[in-house]
Every structure is written in C-alpha cells, then in structure tokens.
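Letters A, B, C and D mark the chains in the order given here, with residues in each chain numbered from 1 onward.
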Amino acid sequence: MTGRRGQVGPLLTSPAPRATHRPVQRVVEVARRRPVGAYVELVLAAPDIAERSEPGQFVAFAVGGPTSAHLLRRSIAIAGAGDGEVTVVVAPHGPGSTWLAALQAGDTVDVVGPLGRPYPMPADGTPALLVGGGYGAAALVGLAARLRAAGSPVTAICGAASADRLSSVEELGELAEVVVTTDDGSAGRQGWVTDAMAGVLGRVGVVYACGPMGMLRAVAEGATAAGLPSYVAVEESMACGVGVCMTCVLPVVGEDGRTRFSRSCTEGPVFGGDRVRFADVGALPWDVVGADAMGVVAP
Amino acid sequence: MTGRRGQVGPLLTSPAPRATHRPVQRVVEVARRRPVGAYVELVLAAPDIAERSEPGQFVAFAVGGPTSAHLLRRSIAIAGAGDGEVTVVVAPHGPGSTWLAALQAGDTVDVVGPLGRPYPMPADGTPALLVGGGYGAAALVGLAARLRAAGSPVTAICGAASADRLSSVEELGELAEVVVTTDDGSAGRQGWVTDAMAGVLGRVGVVYACGPMGMLRAVAEGATAAGLPSYVAVEESMACGVGVCMTCVLPVVGEDGRTRFSRSCTEGPVFGGDRVRFADVGALPWDVVGADAMGVVAP
Amino acid sequence: MTLVDAAVDMTTALGAAPIPSPVLTASGCSAFGQELDPFIDLTAIGAVVTKSVQLRARSGRPTPRMAETPSGMLNSIGLQGPGIDGLLADDLPWLAERGARAFVSIAGTRVEDFAELAQRLRGVPGVLGLEVNISCPNVESRGEVFACDPVAASDVVAAVRAAADPAQPVYAKLSPDVTDIVSVARAVTEAGADGLSMINTLLGLVIDPDTMKPVLGGVTGGLSGPAIRPVALRCVWQVHQALPEVPILGMGGIRDGLDALQFVLAGASAVSVGTAVFNDPTAVARVHEELAAALAARGFGSLREAVGYAHR
Amino acid sequence: MTLVDAAVDMTTALGAAPIPSPVLTASGCSAFGQELDPFIDLTAIGAVVTKSVQLRARSGRPTPRMAETPSGMLNSIGLQGPGIDGLLADDLPWLAERGARAFVSIAGTRVEDFAELAQRLRGVPGVLGLEVNISCPNVESRGEVFACDPVAASDVVAAVRAAADPAQPVYAKLSPDVTDIVSVARAVTEAGADGLSMINTLLGLVIDPDTMKPVLGGVTGGLSGPAIRPVALRCVWQVHQALPEVPILGMGGIRDGLDALQFVLAGASAVSVGTAVFNDPTAVARVHEELAAALAARGFGSLREAVGYAHR
C-alpha cells in the first residue's frame, strides 16, 4: 500500500495540477430541471462557469435564498458543461441539498465555480477505467468525453445501492462501454463496483473514480495493487469551497513524500488515489506535517 | 382628551370583547395571488380559519420556509373570509413580508388564526364611519359587509400616501359610500383622512379605523372630540401573535379606569379609540399598573 | 408513530417530583399557560414553567421590547407580570383546575424577595416546584446580576431552599454570560439547589439602522432562539461533565425533537422550549412526540437511559 | 452609487496605521488572502487579517472540523498553519508584492511565544500591525484561556507591545466568554494594546444525532456567524462606552453594510468580516460598498463621524 504508513515503492501519481481558469461568482437561472431516480438534475444557464470548467471540478451553491439560516455553501460536482450551461445532479439529503433539489426552472441561485482541480489527462490514447458510485458517476461524463476526444478507449463502471441511485448511465453509454452494478441487484450485476473492476484493470492504463469515500478507497487500492495510477475526487465536508476555511482537509502525501492536511477544495477534490491516506481520514497521524506542534508524538 | 392623562369625563367605549372562536394552526395553500398597487393580495384555502373569523381579526404567518432564519411570526389583518378562503393584503417591507408577498398560487404557508378581538358591532342600524389607511382599509371590508347586513349605513374613507398605496377601494365601494384621499393627490382628494372625516362625523354614531398609528390617533381623537365611540385596530410589533411573549403591549385604559400595558394581540388589536393612550406608546407613564415596581414614581 | 412512542418510557423528574413528559415550557415564553390551551394539552406536557414572578405587580419596560435577529431574537420585557398576589389569585388556580403542573419561576432584586416568594408558594396546589431566576440585577451589589457571582447566586438559592416547601424542588436558573459556568453550578448546588435550569438568554444588543440608536428601550436585551443552541449545549455538557449527579433542565434554542435529543444526550433530564413557541404554538407538544420517536428509533427504552449518553 | 460612495471619506486607522477602507477580513476566515484574489481587489480592502500564526507549523485538528448551526457555524480548526517561518517565506511576500496590507494575527501557548512572534515580525514589509489572538489555552495555567483572565491577557499584550515594531499597532483580540469584558478590555489597554479586536467566537457544542457524540473531534468549538452578532455588538457597545478613546476593530456576524454600520455606530472604527466570506467570497468588498452607501444615505461625510454615534 503506497502512500500510507509503511509505504512501499514510489508513488504512481503526480499531484493533480491546478485548473486553467479561476472561479467566478454568479447568480444564475435554472434553465431545466429533471428528476432522475432518487436525484434531481439541474441545468443552469451559466455561460461564464461553463466555459471555464474542466472535468472533475465542482461548483458551490449558496442555499435557502434571502431568508436562509444556512450560511455555508454546498459543493456539487459539475456533471456537464457546454453551450453556456452547467449541469449538476443533486441528491436531496440535508436542508441545503433538499432546497437545491426543489429549485424549479426559472428560479435563480448564487453559485461559485468552477472550483477545485480537474482530473489530469493521461497520454493520448491511454485506455481508461472510470468508476462512479451513486451520483458520483455524473462527474465522470465530461471526463469520458474528453478522454474519447483524446483517443482513449473508455470503460465505465457505475455502481449504486439500488437502481434509483444510479446516475448518468445513459450519458456514459454514449461514450464508453458501461458496466452497471447494484448492491441489491435491482439493475445490472448484483455486487460492488470493485467486483466488476477486477476484469477491467488488466486492459487499462489509468483509473478515475468519483463516489463515496469507501468506494474511492477500494478503487484506489485496487488500482495501486495492479500498478495503475488512479485519480479520485473526494467528498469531504466543506464550508466555503474556495480554500479559506480549512474545514475540508484530509491527509495527503505530497510530492516530497510528506503527508499534509490538504484542503480538498483547492488542492483537490481530485487527488492521486495512492496519495490519499484513506485509513487516516478523521485522525491525526503523527507524521502529518505539524502534528508535533499539536502534541502528537511519533510512536 | 378622554383616556389620557388629565382625563375628562367618562369613556365612550367598552373594551372590545373576545372573539367567539379559538384560533387554529394550519398549513394552507395559496389559492390565488394578485398584485394590487404596491401590495399583494393573497387568497388562502383555509376553511377552518375562514369559518371562525370575524372582522378586525388577524392571522399570523411563519415565514421563510424550512430553511428560514426568521423565527417570529408576521401578523396580517384578515381582509376577507368566506367560501373556505381567507384573503390578506401584504405590503412588502422587511424580509418576512417580502417573502409572504412573493408566495405564488400553489405554495403552502403555515398560518395561525383567527387571532385577536374583532370590532364590536353597534346597535343595529347605527350609521358608521370606517377609516382605512394604506393596506389598513382591507381589514375594514368584512366589517362593512357585516354592518350593512345589520342595517347600518356605512361611509368609508380610504387614505394613503399615493394612489398605489390605496387598497380595497373597489370592495368597499360595493358596500359603502367611499371617499378617497391621498397625500400627493394622485387619487381622490389631496389631503389626510382626517380632513375628509370632518364632514362625516355629524351623521354617524360610531367610528372604526385601521391603519398606521399616527392616523389611528388622529381618527380616535376626532371621534372622541365629537362625542363618538371609536374602535381602532392597532399595529404594534408582535413576536408571537398568540399572547405568550408580551412584546406587543401598549398603554390602554381598562374598564376600571386604570391603565395597563395590554397585549395588542390578545386584548387587541381592536381597542376603544379613547382607551389607547397614543401619546404614551413607547413610554412608561407612572400611572400604568406596576410602573412603581419598575422604579417609576408619580411626579 | 403512536406505537413507537408508547414503547419509550418518557417519564422523568424535576428533583424528586415526577413528571410524565420531559418537555416543558420555558419561563417567559408561554406566559402562564392559558394562551396555549387552544393549541396543546397542557396536562400532557412536563410542566408549565411560568413567567418569572416578583413580589409586586410589574408593568415591564416600555416598547420596543424585541428585535428579531438571525435565527433568534432579543427581548427586554422587564418581567411584566401580576406579582405574587395575582399569580396566586388567578393564574395558579386556573392551571390547577385544569390539572396542569406549574413550575413557578421566581425573581427578585434582593435575597429576601426570593425567600418571601418561596414562602408564599408553599403547599400551593398544582405547584410542582420552583425555578429561581437569578439573572436579575442585585440591588445590593450595584446591579450586578446574581447569576454572574457564585456567592450572590448561592445566597439566593440557600434562602429559597430554606423557605420553600420541602416537597417542592428548587432549580437555579443559570446565565451563560460568565467565565466559568461550572463554578456557579457547583456553588448553587452546594447551596441546596435540587437541579439547574440552563441557560437563560445571552446579553445582546441590536442597533436600528434608521434611528441609529439601540432598538430596545433597555439598550441591551436577552438573546434567545436556535442561534444560541450551541452555547446552551456546551453549558449543559460542561456542567453535566463536572456534576453528573445534578439534574439539569436544559434549554436554549430547542425547536424540534432532535434538538431536544442533543440536550438529553449532553446531560439534561428534561428540557424547556422557549422562543420556538413563538414560531409554533404547538412546539412543546410536538417536541415531546418527536423526541419520543427519536429515542425509539435509536433503540432507547426510556428517556432516562439517554440522559448524558454522549459522555459515555 | 459610485458618486454617492465617492462622497464619503472611508479612510480610518488601526492605531496609528492609516487604512483606506474600514472593512478587513477576519483571522482564520480568509486564510492568507490568496484565495480571495479571484473575487476581490485585496489592495482596496482595509487589510488582510491573517489566520493566527504560531511559532511552529501546525497540522490543526483532525476532521470533522465544523458543524453548521442556525445562522452560524461551529469550528475547531486547531490553528492549522505554516508557522512563522512559512508565513515569512511565502504568504507575507505574496501579499506585499501585490500591495495588500497584512494585519498579522499571532497566537501561542506561553507569553514568550507571543513575544518571539512579534519580534520576528518587526519591520517585515507589508505588515501593518499585529492582532494578538489571546483566545488560546495558556499552558502555564492549566489550559485556561488567556483572554478569560485579565492578568494573563495583559501579560501577553505587554510582552508583545514591548517586543513589537513600534510602528506596528498591537490589537488584543477579546473573547466574549467572560463575565466582564470591560475589565479585560481595560486591563489589556493599560498593558499597552493600541486597540481591541472583538469578538472572537463563543464556545459552543453540537451533538450528532446519529453518532450521539459531539460532532467535532475537539468536542467544543467556536461559534461564529450572524447568530452571534447581537452578542458582538453588545461587547463593542459596552467597551466603547467604558473606554471611548480605545480604537475597536469590530466583528462577529457581519454580513452586509447595515450590519457593519451597527458596529460602527456602536463604537468600532473598523470591522472584520469572517464567516460571511464562506457564504460570499466577495463579502469584504461588498460590505465596504454597502457601508459607504449607507453612510452617505444617512448624511455622513466620513466614516469617522459615525464611529460611536449611537452613544450620542
């Protein structure tokens, strides 16, 4: 297990580079809205954001309107950008995402984006595996298109707990060979995305993933074990999305081999899969830079 | 000036009695919405409230929906009740009334009502003058209908700063002889409602008013000077609307001749015009019951 | 839902006085109970905590008495109320007649006032116990608030405990506006408090951008509502941590069952719902239902099992 | 609008250091400024108040580090930062190069730490002055927070004032979690503080209803945002009332120009915008514009005229 305590061998990934464009803030209109299984797809008329965004980036919404008690922004992956529009897929969960999912065509919303670092591209033509969990698959659509344009054959695995929690299967189907898995077998194969990965790893050169942390960990570990570089878009709790609050950190191994608490909004959300110390998320390992000043000593 | 410090002669009014029905709380749907000049008229599908309400009462809305930072209810006079519907006229002002005014047909809102004491009725057939300032005129429509049904000839004066701030002129026109005044002369006579009152006081037996405090004071003083009983619906800042918070008090002379800080939500909003000590609103006169315990001594 | 509720034993106690529900009104936020009668069953809630009463009738402060603030409000009512005579003549008999329990909040500006109030309330039917509102200025100490000084606070509590009906538990109501709430809690407990009510409002101020003066006639006022909930929970947590045997009546921004659950988990064996009643007159009863459902969903057989659970 | 703005003189000062705008970032709420560069002109705002820096680089606390609360949030970042070496090597040169003013927040757990930091910052280009974050546990006093004890707080401020560049004003940042904020303000002013930053966060707690444990790894955290604004305003009001000559950098829940106006009217000669930046990355610049327009609309020719106006 590279990139973790007791690390063996060199890392397979370089840190994802910054995006080309800087973010902007806009009040935009919802152009269209469509329920998709358990989710809601919103298409925003947001040309300034659409033209700047790259696959893997996200936007951050202010929620609740002028009377809102909810101050913090909600980060949502960009599921598509083009023709002046940005698409997102929202899973109603807490108060903010529920409010977002209830937006109607014609409503306006304050959004900042594009934010975060995009998925780095492999050498042209490198066969790629994309793994999406739940609404995470939506974030991979733009990447699949860009990979195809660069000559990469693309295989995509979309997994979810049940059929209604799958997303973007159709969109990915136009760009890639798609395998579907569900925990309950209500669509595709019954099982986890990692079960489906096994057969594909041998014929790709890079792995990309987006979805819940447990899945990202399993995908990254599988890729690393197979000697493949992987890039994962993590989902840490974020307050600002723009890099100023320091709430969204997780332990990531840097280029110098040292682990730092890195902000997933500005240094991520895309990290090298072998650089994220998944097992230590939520903990403070002694070898994180600055842990000594917190009174944590080497064992 | 009766009912004030240096009071002369007996009071002309009895305190308004309680309403017949107790209030209920309901989540109701907006059936229709219509902009009226500077205001918005909302018609609510609220049969339980409609059937219980009497002219002069009000309802209290929770504002901002599930994500709201605004905890306190907004009190709005009932401008009409019948056929299972309750009508209100909202002037967008601060965040809560602006939110209410933006409600659309089909939206739901949490409302408590009917609240407060209604206008007491005079002896059948007593000619009555109704004076409404701004959106306050809306609250008089139901009263006009009830008075007419009891055989009272009704004259109504509707006043406002400008034409777009008048309300319910048409509705009142079907029930009463209506005089319109505006400060800027953009509709009706230029001037104040009190200018128009002078000519009418001689031929009525009771005066009712709803509108801003300055106007209520002038109307009440005019009626009292003419020896006429008057009933005014006051507008004090309210936090709960149901009588539990004690924020909405003003100095009112009780049946025993003593002044108390009375809650305008449950002991009002309708008070005898000669019982409200308008000049002392916002002050703590020494002769208010319990002022001595606050350290205020008789001069 | 009803079945689930029935499964959780929601009984608790204020000191030694048993109550059927852990959810009470908060002093000053439900007057003397009557106005909530159209909305909830007053006999089913834990108790009606009455508006703080003093010896004499009080007019309270002039208006404006409130300002809405983000997720909260500021008030400066000035303890308007009928005085102990009015309370004994009108309000307590009304509650007793209906079978509702009253937890009477008493206030004063000298130690003797509090003692006299406790004395007058001995054996009064329907009076379950006393909540001592020590967030009042102490006239004998240049107006410093009793609750801000462990010694002054203990003096009041000791005098009340000595004068009060032994069957009536005495709860001291603490202010969060202190450097060390645990030391105040310890002092009043040693002085004989049977439990602690916490928290009272935080001292706040709002300026009207139009008049450019403080909104409230009294300049400052008390901040309440969901805005202060994290501060209230921290106080309950700290005091339960230090004094696990002392019963706590928790309050401060409780609006729904999960809010109440947080207070219970932090160490409160009962809760008061205050400002939320202004938003929803059924709040006290609703919070009871929601708390019962939340406890059931988490596998608790009784409220008592959950008290202080977050410390384990 | 632009014409109206131009009419109001918005210049002010931190101690003796003049600044072109009274609106600053708040420590810990805009990192070291860089991330706001896409959204606002960093040279036009009063200053970038940097995240509190300590002698050594710090990892900060493990996640979760925050919880959203009604109209606010709780945080327990644990002062993650590069340490003074990193600050001097990277962050301050970046700001200085851009022509942005830095008001450097320093923190430590012993008096000597603070003094050493002040010493290291002497004469550093672009460093306008120092904000002393005394809301840190004092390792020499069983972890009691410096800001909660007038003596410990003054010790820190005296040491910093003695070690710091005389051209750099020293502001002491006060905590609201005290019984008497005026006595702390008086003590640190007498110890040499050129001004006061107020307020820091309130100590709060949130319990996760699912895990039934405190949300934050650090158990308690700091409450910020509009929820605490009335408390912050009260603190500014009280201190300005008692010490009208002492400059105040006001903060706590400022979200728009009218919020900032309230602080100015209460006695602040400059303000910091903290948590609101998380909601709106342009907040600092927007608040400047809105405050200028609000002052103009009220007939003020300059910001200075409005400082403390509500007391008159």
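Note that a residue touches a chain if its C-beta (ideal position, glycine included) is under 8 Å from a C-beta of that chain, and two chains touch if they have at least 3 such contacts.
The structure presented is a predicted model; accordingly, all values stated were derived computationally and were not measured.
Enquirer: Which neighbours do subunit A and subunit B have in common?
Expert: Joint contacts, listed by label: C, D.
Enquirer: Hopping along touching chains only, can you work out the least number of steps from subunit A to subunit D?
Expert: Tracing touching chains, the least step count from subunit A to subunit D comes to 1.
Enquirer: For subunit A and subunit C, what's the span in angstrom between their mean Cα positions?
Expert: Centres of subunit A and subunit C (C-alpha means) sit 47 Å apart.
Enquirer: Mind checking the centre-to-centre distance between subunit C and subunit D? Centres are C-alpha means, answer in whole Å.
Expert: 34
Enquirer: Specify, in ascending order, the residues of subunit A that touch 2 or more different other chains.
Expert: 69-70
Enquirer: In subunit C, what residues contact two or more other chains?
Expert: Within subunit C, the residues that touch at least two other chains are 70-72, 225-226.
Enquirer: Graph of touching chains, which shape: line, ring, star, complete, other?
Expert: Per interface graph, the chains form a complete graph.
Enquirer: Within their complex, state which residues of subunit D touch subunit A.
Expert: Listed in rising order, the residues of subunit D that touch subunit A are 28-31, 34-36, 38-39, 51, 54, 56-66, 68, 70-73, 75, 77-78, 80-81, 83, 217, 225-226, 275-282.
Enquirer: In the complex of these two chains, what residues of subunit B are touching subunit C?
Expert: Within the complex, subunit B touches subunit C at residues 22-25, 62, 69-73, 110, 112, 236-237, 239-240, 242-250, 260-261, 266, 281-284, 288-294, 296.
Enquirer: So in the complex, which bits of subunit D are touching subunit C?
Expert: By the definition above, subunit D touches subunit C via 67, 69-72, 74, 148, 177-180, 202-207, 209, 212-214, 219-221, 223, 225-231, 233-234, 237, 253, 258, 261-262, 265-266, 294, 298, 309-310.
Enquirer: Where on subunit D does subunit B make contact in their complex?
Expert: 70-71, 226
Enquirer: Quick one: which bits of subunit A touch subunit C in the complex? Just the residue numbers, please.
Expert: Those in contact with subunit C are residues 69.
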